[in-house]
Amino acid sequence: MESPQPLSLGRVLLTGAAGGLGRQLRARLRKRCSLLRVSDVATMEPAQAGEEVVVAPLEDRAAVHQLLAGMDAVVHLGGISTEQPFDAILQANIVGVYNVYEAARKQGVKRIVFASSNHVTGYYRQDEVIDPTMPVRPDGYYGISKAFGENLSRFYFDRYGIETVCLRIGSSFPEPRDRRMLATFLSYDDLERLVVASLTTPIAGHTILYGMSDNATSWWDNTPARHIGYRPQDSSEPFRAAKEAAQPKIDPKDPAAIYQAGGFVHMGPFDN
Amino acid sequence: MESPQPLSLGRVLLTGAAGGLGRQLRARLRKRCSLLRVSDVATMEPAQAGEEVVVAPLEDRAAVHQLLAGMDAVVHLGGISTEQPFDAILQANIVGVYNVYEAARKQGVKRIVFASSNHVTGYYRQDEVIDPTMPVRPDGYYGISKAFGENLSRFYFDRYGIETVCLRIGSSFPEPRDRRMLATFLSYDDLERLVVASLTTPIAGHTILYGMSDNATSWWDNTPARHIGYRPQDSSEPFRAAKEAAQPKIDPKDPAAIYQAGGFVHMGPFDN
Amino acid sequence: MESPQPLSLGRVLLTGAAGGLGRQLRARLRKRCSLLRVSDVATMEPAQAGEEVVVAPLEDRAAVHQLLAGMDAVVHLGGISTEQPFDAILQANIVGVYNVYEAARKQGVKRIVFASSNHVTGYYRQDEVIDPTMPVRPDGYYGISKAFGENLSRFYFDRYGIETVCLRIGSSFPEPRDRRMLATFLSYDDLERLVVASLTTPIAGHTILYGMSDNATSWWDNTPARHIGYRPQDSSEPFRAAKEAAQPKIDPKDPAAIYQAGGFVHMGPFDN
Amino acid sequence: MESPQPLSLGRVLLTGAAGGLGRQLRARLRKRCSLLRVSDVATMEPAQAGEEVVVAPLEDRAAVHQLLAGMDAVVHLGGISTEQPFDAILQANIVGVYNVYEAARKQGVKRIVFASSNHVTGYYRQDEVIDPTMPVRPDGYYGISKAFGENLSRFYFDRYGIETVCLRIGSSFPEPRDRRMLATFLSYDDLERLVVASLTTPIAGHTILYGMSDNATSWWDNTPARHIGYRPQDSSEPFRAAKEAAQPKIDPKDPAAIYQAGGFVHMGPFDN
Amino acid sequence: MESPQPLSLGRVLLTGAAGGLGRQLRARLRKRCSLLRVSDVATMEPAQAGEEVVVAPLEDRAAVHQLLAGMDAVVHLGGISTEQPFDAILQANIVGVYNVYEAARKQGVKRIVFASSNHVTGYYRQDEVIDPTMPVRPDGYYGISKAFGENLSRFYFDRYGIETVCLRIGSSFPEPRDRRMLATFLSYDDLERLVVASLTTPIAGHTILYGMSDNATSWWDNTPARHIGYRPQDSSEPFRAAKEAAQPKIDPKDPAAIYQAGGFVHMGPFDN
Amino acid sequence: MESPQPLSLGRVLLTGAAGGLGRQLRARLRKRCSLLRVSDVATMEPAQAGEEVVVAPLEDRAAVHQLLAGMDAVVHLGGISTEQPFDAILQANIVGVYNVYEAARKQGVKRIVFASSNHVTGYYRQDEVIDPTMPVRPDGYYGISKAFGENLSRFYFDRYGIETVCLRIGSSFPEPRDRRMLATFLSYDDLERLVVASLTTPIAGHTILYGMSDNATSWWDNTPARHIGYRPQDSSEPFRAAKEAAQPKIDPKDPAAIYQAGGFVHMGPFDN
């Protein structure tokens, strides 16, 4: 018996395609889409078969409306993905995500996967386990802007029926970079699983979950989002001994060790 | 070293033995019981060694009392297992389950496994994850009758000490039949594990849990019932690609897609 | 300035109008309805201006459908209101409430106030405080039948949009009759407030709350039902000294003292 | 014995002083402050003794920093207080609140009372009772901007120790204007009590609570914020009969009746 | 009609009768008991009619067993009621409470009111609202010893059926002494109400609640203990202006201001 | 590539090293510590390389302070580990654990792994699933003393920043000894994993979790302690058939079967 084809993702827009995660997802989603349109403000690799490549800033309302035209779904990674001064975050992440949702409303796009961040809840402690229904505690302007996106998308679901899965992504790299990432690690393969599940689950509603692999150590409980069907298959455990050897001492009075935010607690203020 | 025999289930009555799940369980329980009495209103296969076969309608009080005589435990699958007009449900499921519990009280049967149904909570959404302690939201007369059985059995436990494990069975078939069943699938082997665990756990009290395999996508959280010791070993995942290929589009405005009930939301009203 | 008229309740059916609470509510609701239709199986006082009096058993489907014709709302007190053998409960309370809701569906009645009972949760202990979202623990067939009505009405709301306020009435008498009723007492004036609030709140949805006055001692927390707007103004406190004097000793090993059910735990079994 | 003076509020900045609530609070706070600085973009009444009047837009960073210089506390009512197109909200409410908190950080202001809004959770239903720890469900850009302010202020507390009490104000008018406001009404006297309690409680931390009077009908539970010491003394009840007489019928299918948001659900989209 | 006598409390032992609360309760309980036996290690006022006065240290096992002989109930205030070195606490509060419960078991005493303390949860913050089901966070050896008594009494209930009401007393003085006590104040009259309710409620089980008046500012939520029937009638509010005038400034970085413990956080360590 | 060394545990004190679990842990921890100091009141095997062996009773304050000198961490198994008369428990477990924490404070030890016990919550039923945030229900003096240690260690964390992981150990033996232990079993290898994770997690705070293997049947939910990073890899399942065969009947009315405590419910009282 031949194995059936996996479900096609249809016509998908991937924003932020020039970034680290964007490049990973572009290569992985391409083969599952009837059309993959990729966008960024930065230069991207040329379009392959089945792809369209568009350079456009998220702050440009008209350009964003164009980007979403004809799409079935959006994977929205675009914007700034680290802590920066407020004015930069304001444009890229707050105005940007508004433009994406207004475009979705006008263009009739019905499902968005929104790359939120664990920094939405970075001021919980590393000795606490939280779930997505608990109050947010952002650790900077970046986290605040991602909480803004989560709330905006909740509104577009309640008002206009546009579904969103908000992924509070942990640390998605080839491997964990330090001991903190033993808890927050999300392998690229698991990132792909998470995005594909978010795009294909029949009823997504408005759902928030943490983007992490099946790490032994974890601060997050995704029980309220089991309906998405995400099952991680990787873990940070194979990297544990090396990470612990490289960083045997942790200063338990350093806020970067105390809070889930890690080093973000030391960024800013950005005086102006 | 020889492996010890599995725990004998003793003298067990299986009602509804002519139905789909009844036939599966009959074959599987037979070898673990000192006596397996099977009953139904429909014709059943002839008795094998260690079996008794009794045709009896659950509405017949005297017959039901006879059925339970001498039994150690009951697996109660009997009654109607789909949405039907109220009057039919009333007799088979409401009067029927009352007869079973009164018989248990009089005959001294101390443990019942009651086949309830996920339709007890069918009006939760497919983007919600629920657990057995949350308020019921039945999706029809069938679900209401199963909630009746859960409540009746709670009373017989609180008042008379008769233990019941209520199994809110999802979709137990050889394989999932559609994309909804990727979430609700319960393999026959896992059904057997669930029933055996329910019969053999030393203290069952009155417990409600969902009957599902270890599916990647899930709407239900059985954490409050871990004491039963049910560990599913199958999953709907091997069937995913085929089911998605066969049903690539879901109408997100169809109540059958929105609610966990699935197609039950379109049954009735039954005008009379 | 003249005080404005209170909101008219419109055309209201009151079932169970010959019972204790029915007679109280009939007199109190009459003046606020454009039409008050009252029904019972027992003889009632003759109709006054603005009233219709109909003798009809709830088990009579056609009669019940007639009863609801043309009504804006129903206050459903009818049926058996004490512990009795199952067969009696089955007809009056289970078949009866089904007939009422089917009639509501067909006749287009959009709001029902359903007299449920604290006996739906009678097997909680008197040293526990519960709220309406917790699992039911009925203390007899009567309580089970009221839980059935709550679940049935939830279905008619989820499926057909018919709103219900389920009142888990405590002990509504001219005054508490024993020490237990210091906790469960509902004065007639508060009963009226509760029913009027349930009929006039703009959006009732499907709501369950306990019917009690503002008693110092309480086992129930109505926080989840604040939207109904019920504010009790009476209390059992003025009766405390007399009730304590009359019943100075409580046997703490008597299930009737341990459980919220009170004496219901000693009723039955009803052998047949 | 002479009554002691009430606690002085010190040097307080009141933004949005030209608006409806601003004018009320200006008159009420003046006598309790050593200095009351009031600001708005609109014209205000001239300064009285103990007052300073400053016209300044919240979008003007430098002006806002000046406004907060030397203040002990801020009551931040400024910005847009109704649903409007995103670009207007973005400047007045998002950039504006950022400017206020950055100014607080630099100027050493340690306590802010932030006028948030019930529209942060407007997409809960009118038959639900919520508390401030539950996930937000904003009903428009206005509500989203207020959620932004709540999250930003949480960050300034976690990172810089600046305390904020977020008041999710209901409907603060001389009297309720319609039946919905029977649930959301906040009298001016209770508004004053709420602001004064928020300014004087020794440890405010970061607290969110609903601004409502002691209304019989309520959708909100402020239990998690009892430490603020707010005790409403007014109620919508005296206005009930008049409001019900003026609006006897509610369309239960109108989203404005279903959701706590009321008429906000009908505002927008604002095409651009 | 003559008012009935209040319920007699029977034969009651009051330990710690020489202390501040002991003297208050002695005078108030005397008239409601058939016999009031009072004990302390310190000198007490001579016995009045209906009283017995016994000097006995709680560490003296035999003496304590004598104390409880023939009693219907115990109000156990005895032991150390402030932070002290561990060895003193160990004898008076840990060994002492063990002696009381063993004596109760042997002497057949079935109800104990145990004076626990808010210091069992003193390390919660003053901007948190907690209830008695949350994990303890004691603020010193005194609080730890009171948690010990709560746990011990839970065991004696679960194992031997001896009922206990644990009162986590706030600050019971003629009036609040500082601003913290605006939240923790328990008037003597309310203390009496609390103890009387604890002694007379028919089924007490094992219950923990906070001993506070109806203060506007509160850190504690007694909802889970409503069955006790305690309704405070006093409040700290009349003392607010004076307390705020006397202590206008609070240092928000002082742990005594941050934590509910107040000044207890500055006691110890007791070097030895 | 060579595998990196596992993280060294540094200088560790293991108390109770002569007991069953102590001997297991001594052998397993030795190779991961720069120094392993072991202590007990009983005779222990002679010191091997990298070990120090000290005989010292926990009641001896000076000796305990010596024991902790120079240590980085403590694994505190010492004291009595079964139900015994109170006076013995008082010295070994209550005075003993106080001595350990005072020594830690003075000697600057910053992390303690405290062997608590499932008997802290033994009076929950075997048909309940609990988590570490629920109220304790100890089943004897032993359980009470372990709850004391948990509370004391919470205080030393809140006050002095000394971190503790409290392990509510189930049944750690070579294999389960009876059917109850199918739920409570903790293999020695999993015990080691649990202790190592507790010692090496960067931020432990004050955490309580149950010590159990990945048993199919479980009464405990460790979700709130996922940050510790404990992942059991063993299970009681391979022993199930043998244990069930050896103990086919359970008396459901025996408190030892009803409560999680098992046989502890039958110990005592210890008359004196």
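To keep things simple, chains are lettered A, B, C, D, E and F as they appear, and every chain counts its residues starting from 1.
Simple rule for what comes next: contacts are C-beta pairs under 8 Å (C-beta built on N, C-alpha and C of every residue); 3 or more make two chains touch, one makes a residue touch a chain.
Heads up on the chains, UniProt names are A, B, C, D, E, F = NAD(P)-dependent oxidoreductase.
The shown structure was predicted, so the numbers you read here are calculated from the model rather than taken from an experiment.
Trainee: So if I look at the partners of subunit C and the partners of subunit D, which chains show up in both lists?
Mentor: In this structure, the chains that contact subunit D and also subunit C are E.
Trainee: Under the document's definition of touching, what chains do subunit C and subunit F have as common neighbours?
Mentor: In this structure, the chains that contact subunit F and also subunit C are B, E.
Trainee: Kindly point out which of C-D, B-C or A-D repeats the A-F interface, defined as over half of the contact pairs being the same residue numbers.
Mentor: Matching more than half of the contact pairs of A-F: C-D.
Trainee: From the C-alpha centre of subunit B to that of subunit D, how far is it in Å?
Mentor: Computed from C-alpha means, the inter-chain centre distance equals 52 Å.
Trainee: Using Cα averages as centroids, what's the distance between subunit B and subunit F in whole Å?
Mentor: A distance of 40 Å separates the two centres.
Trainee: For subunit E, give me the residues that contact two or more of the other chains.
Mentor: 223
Trainee: Sort out which chains touch which and give me every pair.
Mentor: The set of touching chain pairs is A-B, A-D, A-F, B-C, B-F, C-D, C-E, D-E, E-F.
Trainee: Once bound in the complex, which stretches of subunit C touch subunit B?
Mentor: Touching subunit B: residues 61, 86, 90, 94-95, 98, 102, 105, 123, 133-140, 143-144, 147-148, 151-152, 154-155, 158-159, 265, 268-269, 272 of subunit C.
Trainee: Where on subunit F is subunit B touching in the complex?
Mentor: On the subunit F side, the touching residues are 125-129, 179-180, 182-183, 215-221, 223, 237, 241-242, 244-246, 248, 250, 252-253, 257-258.
Trainee: Which residues of subunit A touch subunit B once you look at their complex with the stated criterion?
Mentor: 3-8, 110, 161, 163, 197, 200-207, 223-231
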